[in-house]
Structures are given as structure tokens and as C-alpha cells.
Amino acid sequence: MDKIRESLLKKSLASKIERRGKAVSLFCLALIVGVVFLIFYFVASRGLATFFQNHINLWQFLSGTEWNPGTTGANGQPDVGALPMIVGSFLITILSALIATPFAIGTAVFMTEISPRRGAKVLRPVTELLVGIPSVVYGFIGLQVVVPFVRHTFGGSGYGILSGTFVLFVMILPTVTSMSADALNAVPRYYREASLALGATRWQTIYKVVLRAAIPGMLTAIVFGMARAFGEALAVQMVIGNATLLPHNLVSPASTLTSILTMGIGNTVMGSLQNNALWSLAMILLLMSLVFNLAIRYIGRKGKLNNER
Amino acid sequence: MNAKRTDKIATGILYGVAALVVIILLALLGFILIEGVPKISWHFLTAPALAFEAGGGIGIQLFNSFYLLFLALLISLPISLGAGIYLNEYAPQNTVTSLIRTTIEILSSLPSVVVGLFGYLFFVVQFKLGFSILSGAFALTVFNLPILTRSIEEALANISDSQREAGYALGLSRWETVTKIVVPAALPSIITGIVLSAGRIFGEAAALIYTAGQSAPALDFSDWNPFNISSPLSPLRPAETLAVHIWKINSEGIMPDAKAVSAGSSAVLIIAVLLFNFLARWLGKRLYKHLTAE
Amino acid sequence: MAANNSMTTDQRNILKFDPQQHEIALATEDLHVYYGKSEAISEGDLQFERYKISALIGPSGSGKSTYLRSLNRMNDRIATVKGKIMYRGLDINSNDIDVYEMRRHIGMVFQRPNPFAKSIYENIAFALRQRGVNDKKELDEIVERSLRQAAMWDQVKDDLNKSALALSGGQQQRLCIARAIAIKPDILLLDEPASALDPISTSQIEDTLLELKQNYTIIIVTHNMQQAARISDYTAFFNLGKVLEYAETGDIFTNPQVDLTNDYISGNFG
Amino acid sequence: MKKSRVIQLLGLIVIGVLVGFGYTNREKTNAGQSITAVGSTALQPLVEAAGEQYSSNHAGVFINVQGGGSGTGLSQIQSGAVAIGNSDIFAEEQSGIQASKLKDHRVAVVGIAPIVNKQVGVSNLTQQQLIDIFTGKVKNWREVGGNNLPITLINRAQGSGTRKTFESYALKGHASADSQEQDSSGLARSIVASTPGAISYVAFSYLDQSVQAVRVDGVRPTETNVRQNRWYIWSYEHLYTGQRPNQLTKQFIDYVLSPAVQQKLVKQLGYISVHEMQVQRSAAGKVTAVK
């Protein structure tokens, strides 16, 4: 009798295990969060040096069109205009998302609404497989197939925004498709039943009810795809041509933040202006992925509110 | 009448779009495999790469890829398991938790180049690990942590609370309940998550170029002592992986058969990723069956 | 008998035991349970006699499950429990008490059978092993004894290594009871253990409980009044977060003192 | 629990013993006997191959060769993190590097030739024409005697050694116009091969049937012409060390400069041996005769 009383008042083995386990798991989580902050710190400390140590004007950096950190431009300051890369990155991201969206949503609708069985058996596994294809392989195909195709069809050298767009389109298509399909699947079945029961055709149901309800989920999918496209490095670098020029058409060589970054980082000396300027590009990438993230969160939250209302 | 016709047209268009996407995707797979598979031979899979002669293989790169994958999983799995458990089982529902979740999502959407450059600055330069397997494994860990954490957290969340209650009612601590009951029950989906993330690690190149390096020195496959630098197990040797190799020969290769090697390597990479996917499905189903019924 | 609310809410009839004649295994004093700001249990003070079956009945939402789950502090994470829960002279609702140790003495079986995704044998042996019982022979013995007590040894003795999830619902629930008693608790709390089962399984579980009563103090929540009448020694009637009546089962079903109790057991509401 | 604890413990012990065994049995001879060379990816195959040969001749020595680019090589050697920094360019040409603190070992010469797409119809250019083309003054091949095709410039990445050499010696220091950039010779060549009107420049080792190498002022891009500096678009490949390299580093560099490497490996990889050069050139570009 008394033994039980006593044991109740003591710390049991389970309590000790619990405390230790909780501490261990919290530590793991803290580690991950720590890594994120470390990344931000390191990239920012290098990236900001361009502005604080080398005294480059931020506006000049963002709006300048001459990228040649080794030489001094007309205004007596080094040429570190990142605009061509920024424009290239955005252009390629937006274009590939624009092309991918109708395809992805069409396929997702087909998968979930028109032919769920075929969707589950064929389309789903195939798209999920393709999500896992390494980006270098996409680059390799871009080089072998897309670039010659663009050259023959649209002229120019084949290297440029258009080729990059095609490669990224294929790259983000599986991701956006499978996430959109998830969003469509999350629309409750009774929405469809109610609409069909009211005499709407299947297409009317899809268009007026299901797609409407799934808009936030699909927006998230698109933004997620854009984030992937924006950060993609090697596949794009292989096909875009890497010219630090403002692209004046879609088939002229251009560059993205990532392509200039991977190309240049080995050729510059740590701590020099050339190197710092590249880190500033990395910082823009980092900030952009932050923006994409916030956008996804915002859309998600708004979607939730709308559905609740 | 009108609505019906629209319905027909729309359905037709959707069929068309879906078919087009399938064609694009299958053509993609087909192209890689048709270009690459004829190049694959036992010699190609095992021989070391040759810098300036034809007939080199990808043996060392292939080994490096698997070794790096193994190390990266070895480091990232326990951490993400712990973090996933904390997030799903302990974390209170408040702003701090949601902030932490956002942080992890940010990490998961970081461009892999940025992760690679961070790895270069932090592990290669700061910690003086050089271009080495270890640096590469750490960079891949950073890359993999958020993906794995999220998939583990989801897997745990899918286990019904009644399982947890059963554990608590037996006087087990929450930690014991989670590690001994919930995690085993979630194992099928956790394994699926691990294998799928393994596929992504396997194909990652941008994060490795400036961490694991772009050279694959000859290895002495009779020496398995990790302290010898020519040993395959040595964690401090530079290690070009298959994905990096594809990138490099496409850009720098001076071997006469660069195109063939690159096509073959791409095919090997795709086949490996495909195998990972099938393995994930198969293992998940197998384990699930094993758990639910004998 | 039309219920007059202002009258009936004041009507209460709570049995108090004489400590000299009845051994009290568990008792609550001034217990209040809150979900956020809303109060789920406002008046719920009961004493439970040792080696008896006490049933908690009442309409759904009356707080009987919440009350039961507070007894071994399963509600700690989701609700605020105030007041005393007296067990062996200790208030187990205090921070000094080791919750995990306490739950080993106050076990629980849930409404839906929840066996672990492990073998039948492991379902029972697992918790023991966590607490240092490693001897194979001892484990075998405990597993057999628990399964026998739960009246399912004969059905599963050849399939001990099969997954517990392959069992039928009734068998799963009895496995959960076997699992709960394998660690030899003092008190067994059951939260509508038969509500998800067919009549045959239900009666088997009831038989099992009557067997177990010799060694365990049992507190059971049920929505099935016949069940309460069949197996329990004492019955408490809950309504709107309050215990309105607590008495010997025979008394409550034949001669309820509170009007609402009468309404409920005669099927007029609930 | 207990049994599994025992197994866990045993496993740990076995691993511990294995690691300890491995540590004590490691090849002690090479514990202090490995050097790391980092840098230029163009030079990497040569140093790698030389390192492998050296190791097989000198048991227990390991030469660890890593890429990363010339800039990385120079900054790593400057910070003292590695024994050798591989570079395609003079340390003096790289900003952020104090060349006086480093010691230069020139181990090979690489000739660089302009290449054009075969449809261009040009196989000879004057240096002035070359400069006009790369600075963007001339935009069509017709203007320099070729077919009616617009000119597509393919440059190498900024900061790359090949580009610096080409701009210094082929373009007489003129910076080339903004254009496509590729950071690798292989890509540059395949782009030129497949793009009508394209012009770029690659090291001699990348010249092949798919592209047209261009003569400059009638001089052919051959090794013989480089040796005599008649073909002046060439550069050294450098192994940089600190002012006082250690014994092993010195021996290895001597080995790279020995006939065993210079006669065979250097040639196989398409470089020109430094010993065969009849001229030498300083960082500032001043050319003097050897001997």
C-alpha cells in the first residue's frame, strides 16, 4: 500500500524518459531553426558587404544594366548592375508558370474529375515520378532537344529565355499538377453532388463549383512551382545563354541570378568586390524565396477564411 | 442544349490536355532512356571515369552518390525525426510554433544553389573540411531536413490519437508512446517519405558542386579503412557524384565520348530515381500489410 | 411527469459512504473541469468503493466521459481540471504526483478498441517491457493470465504473433482490457467500452467485467442503461455537467429520488 | 529491453573496435604525407593525373586535387588552407590577391584559338577584325569576307582564365561586348558547332572537326607557332604555392615539371610543355626569348 503512495510522489522512470525525450526533440527542432538563421546570417553578411564595404549604391545595384564587377564604369564605380539577371529570373519564372498553369490544372481536373480511375492508375504515378527527376537531367534534355528546337523554330542561337522557359515548364509541370490535384481532391464530394443534383452539367460543376472552391489550393501550387523555377540553377544555366544583357526578345541570350551565381563563384576571390557582388545576388534569391513563402502562407490563410465563411 | 455542348467541348479539351501532358512526360522519360540505356554496360557502371580518353565509366561517381546519400540520411534522419516528433506531439498551438513552421518551410523552398553556397562558406571554408564528402553530406542534410521533417510530421499526424491514449493509459510517458507506438505505426509512410527524399538527394547537383567538389580521385576498393584518404569510405576525400558528373561533362568534358557518357549517366540517374520510387511504394505497402495483418 | 427546471436542478441525491464500513478507492472533491472558458463539470463529487463496479450514466454531453477521463488525468492537455482527486490519501490532481506512475494504477479502456499495430503478444507485453519486465517466462505468464482474465485466451493462444489489427472488434476490445489489466492496476476506468460492439461481444465484455470486479475497482461510463443495471453496484446520473444522483444501482433504477433521473431512466429524454 | 540493450552495446563496441583498429592500422606513412591542390577546373585533369602517377611511384603519398575555379584556388592558397592553388591566370591579374606572397610555378602552356561555326565561311581574320567582332563593331560575317550571317558572340564567363587571356592578347586589352557567356569550353564549343554565325574561343585541346579554327593574320593555331610566340594567344597554367612550400609540395611540383609528366601527360591533355617554349612572358605581358 505504502509503496504505491511513495512511488506516486517520486519521479518515475517514465518521467525521466519523458523529460529527456522532450529535450532531445526540442533540440533537433532548434537545430533546424538554427540552420535557417545561420544561412541567412552568412549570406547576408557576404551579400551586404557589397553595399557597406564596397559602398555600392543599392539602387544602382538593382537598376544598373551593366554587370562587370571587375571594371569601373562611367560613373567611377564598378559595374554591378543586377537588373538583367533580376529581369531574366522573373521573366523566366512568370513565363514558365503561365504556360504550366493551364496544362497543370487541366491535367489535375482530368485526374480528379473526369477520369479518376485512369488518373489514379496512370497519371498520378507518372507525375509523381517526374517530380523526382534530377534537374541536371532536365538541363541535359534542354541542351539536346529544346535548344535546337527553339533555334529551328524561332531563330536565334536557341539559347535564351524561351529555351529556359520550356525547360522550366516541363520541370515544374509535375509539381504543380500533383499539388493542384491535391487541392481539387480536398473539395468535399457533396459540393459536386449538390451541383449535379441541381441539374448542372459536369463541366458547369467543375468550372463553377469545384475550381472555385479549389482556387486557394491551386494558387499555392502555382506559387510553389514559381518558387522552384526561380531557384533552379543548373538546368537553366545550361540553356539560357548566360549573357548579362537585358533580354530584348525571347530568343536572345539572357541570364538569371542563379546562372551567373554558379558560373562566377569559382572564378572570384573570397572577399573581393566581384565575390561580394555574387553573394548579393544570392541574397536576392534568398529574399525572393522568402517572398514566395509569405505569398503561399497568405493565400493559404485567405483560402481558409473564405471556405469558413 | 448549349450547356451540354459546352460540357462536351470542355471534356474533349481536358482529354486533350491530359493526353498532351502524358505525351510530354513519357517522351521525356523515353528520350532519356532510349538515348542512355544502350550505353549502360557493366563496364560503364563500374569503371572509373577517364578525363581525356573514351571508354570511361561512372563507377566512382555512382559509389560516391550512394555513399553521400547514406551519410546525408544518417545525419538528417535522426534530426528530422526529433523535430517532426516535437512539432507534432509537443509543440503548443501558438505563434512561436507557427513561426517555427514558417522557418522550416522557408528552408524547404531555398534554392539549392544558395544551400550549396552556404555549405561552401560554412563547412568548406569556415570548418576547413575542404571539398569533401563530409561537406557534401552536411549540405545535403540542410537541403533534406525540411522535406523529411515535414513528411515525418505528416506521417505522425495521420496516426489516430486513440493510439496515443492507449499508451498514456498504460502509464507510458508521451515520449515512450511516440517512439514505441506512434512512430512504428507511422513507419510505412515515414519510410515512403525517406525513400522519396532519397531520390531527390540522389539527383541533387547544385548543392554539391561547391561542397563535395567536382573531382573523383581514384579509389582503392580493397582498402575499407575510413582513415585512409584513398579508401572509398574516407569522409574527407572530394567526391563528385553522378548528378555533378553529368553537369560537368556537359560543360567541361574533353573526353571524345562525353555525349555518350552524359546520356548514359542520365539514364542511370533516372533509373535509380525510378527504382527509389518503386521501392518506396513497395516498402510502404509491405510494411503496412505487415503491421495490419500477418 | 413534466420536468420543472427550476425545481429539478436543485434536486440532488448523492450517496456518501461511511469510511468505517466501505473502503473508498477513489474520490473527487470539489471537481471542476473547464474547456477553455466553458465549464464542463461543475458539480461532480463522487466516491467509489473498492472492488465494486460503479456506472456513470446520463445523456450525451452530460459530462460523464469528461469526468471519467479526468480521473486519471487524460484530459490534462485539453482541459483545465480543478479540485481534488483523492487516491490512497493523496490528491493525484496535484503537480507533485507523477502522472505516468499514477496511470499505471488507474488504467483505462476506451470507447473504440485501440490495439497497437503490433502482435497480440506485444500489445500486452510491450508496456511491461518498458517498465523493466524482461524475463521471457514471466512475460509469457502475464500475457496468458491477462488474456484468460479477458476471456479470450482460448481463441487467440495459437495466434499470439498475429497482428492485433486482424482481430474482430469485440476481440480487439477484450485485448485492450487484457492489456490494461496486464500491468495490474488498482482501478480500471472504462469509457463506453461496448458501445461500438455487437450484442454478443457486449455481453461477453460484461461477463468479463463481472469477473474482474473481484480484483479491480471498476468505473464504467455507459449510455446503455440496461448494461448499467446488469453489471454495476452503484450508478451515478450525470446531467449538464453535474451529478444529480448517486446511489446503489438497484435503488436508482427502481426508486430514483430525483425527477430528472426518473425521466431519463424511463426514457422520457436523453 | 535488456536484451536489446545488450545487443546495442555489443554493436557499439564492435563499431568502436573497428574504428580503433582502422585508426591504428591506417597507413601511417601518409598521415602527414598528403597535399591538397585546389582551383582551376581546366588544370584539374593534369594535376589529378600527375598526382595519381606520383602516388603510384611514391607509396603512401596522396595528392588530393579539387576543383572550384581559379579564384577559389588563389584565395585558398592565399589563406594558407591548401598546399597548392591551381590557376589559369597570373595571381597579379586576379583582384584581391597579393601576388608577392605567392610563388608561381608555371607547369604548362595552353594555346587558345578563336573558333567559328562552319557555315560562317571564314578561316582567317586579322587581329583588327577580331577586335571589331568581339567589341561589337562588326555585326555580320559579310563585313569580314564571310557569308551573310549575323555574328553571335559566345564569351567565356567573367573572371575565367581563358577569357582574360583572350582579351589581353587577342583583343589587345579591349573588353568584349556583353554577350552570351558560358563557363566551360565544352559548352562553348558545342554552341559554336550548332549555332550558325557563332564565334567563340577555346583551348587547343577542345579543337575538333565540329568547329572551324580561325587563323589570325594568317598564322595557324598550332603548338609550334605557340612555342615561337608567332601565335600569341596563349597562357600559362600555374601551380601557386606559398613562399616556402614544404618538401612534399616541392617534390611534387618538380615531378610535374619533369619529362615524365611534361612529355606524356601534358601532351595527352592537349597542353604544351613549358620546356619547349622558346619565349617566356611575364605577368605584365612582356615577352622575352628563353636562354
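The chains carry the letters A, B, C and D, assigned in the order they are written, with residues numbered from 1 in each.
In the analysis below, a contact is a pair of C-beta atoms (placed from the backbone, for glycine too) under 8 Å apart; a residue touches a chain by one contact, two chains touch by 3 or more.
These figures come from a predicted structure and were not determined experimentally.
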Q. Which of the two pairs, B-D or A-C, is linked by more C-beta contacts?
A. B-D
Q.
Mean of the CA atoms for each chain, then the mean for all of them together: which chain is nearest?
A. B
Q: Please compute the C-alpha centroid of subunit B, do the same for subunit D, then give the distance between them in whole Å.
A: 33
Q | Inter-centroid spacing, subunit C versus subunit A (mean Cα positions, whole Å) | A | 53
Q) What is the distance in Å between the mean C-alpha positions of subunit A and subunit D? A) 35
Q: Take the average of all CA coordinates in subunit C, do the same for subunit D, and state the distance between these two points in whole angstrom.
A: 80
Q) Can you list the residues of subunit A that touch 2 or more other chains? A) 14-15, 18, 143, 238, 262, 265-266, 270
Q | Where subunit B touches two or more other chains, by residue | A | 125, 171-173, 176, 210, 250-251
Q. What are the residue numbers in subunit D that touch two or more other chains?
A. 41, 67-68, 182-183, 187
Q. What part of subunit A is in contact with subunit C in the complex they form?
A. 1, 4-5, 7-15, 18
Q.
Which residues of subunit A touch subunit B once you look at their complex with the stated criterion?
A. 14-15, 17-18, 20-22, 24-29, 31-33, 35-36, 38-39, 42-43, 46, 102-104, 106-107, 109-111, 114-115, 122-123, 126-130, 132-137, 139-141, 143-145, 170, 173-174, 177, 200-204, 206-207, 224, 227-228, 230-234, 238, 258, 261-262, 265-266, 270, 279, 282, 285-286, 289-290, 292-293, 296-297
Q.
For a test of understanding, state which residues of subunit A touch subunit D in their complex under the given definition.
A. 66-71, 143, 147-148, 151, 157-159, 238, 241-245, 253, 255, 262-275
Q | Residues on subunit C engaged by subunit B in the complex (per definition of touch) | A | 72, 74, 100-105, 107-110, 112, 114-119, 126-127, 130-131, 161-163, 165-166, 176, 179-180, 183
(Q) Show me the residue ranges of subunit D that touch subunit B in the complex, using the header's touch definition. (A) 19, 22-23, 25-27, 30, 34, 36, 38, 41-42, 44-45, 48-49, 51-52, 55, 62, 64-68, 81-82, 182-187, 205-206, 268-270
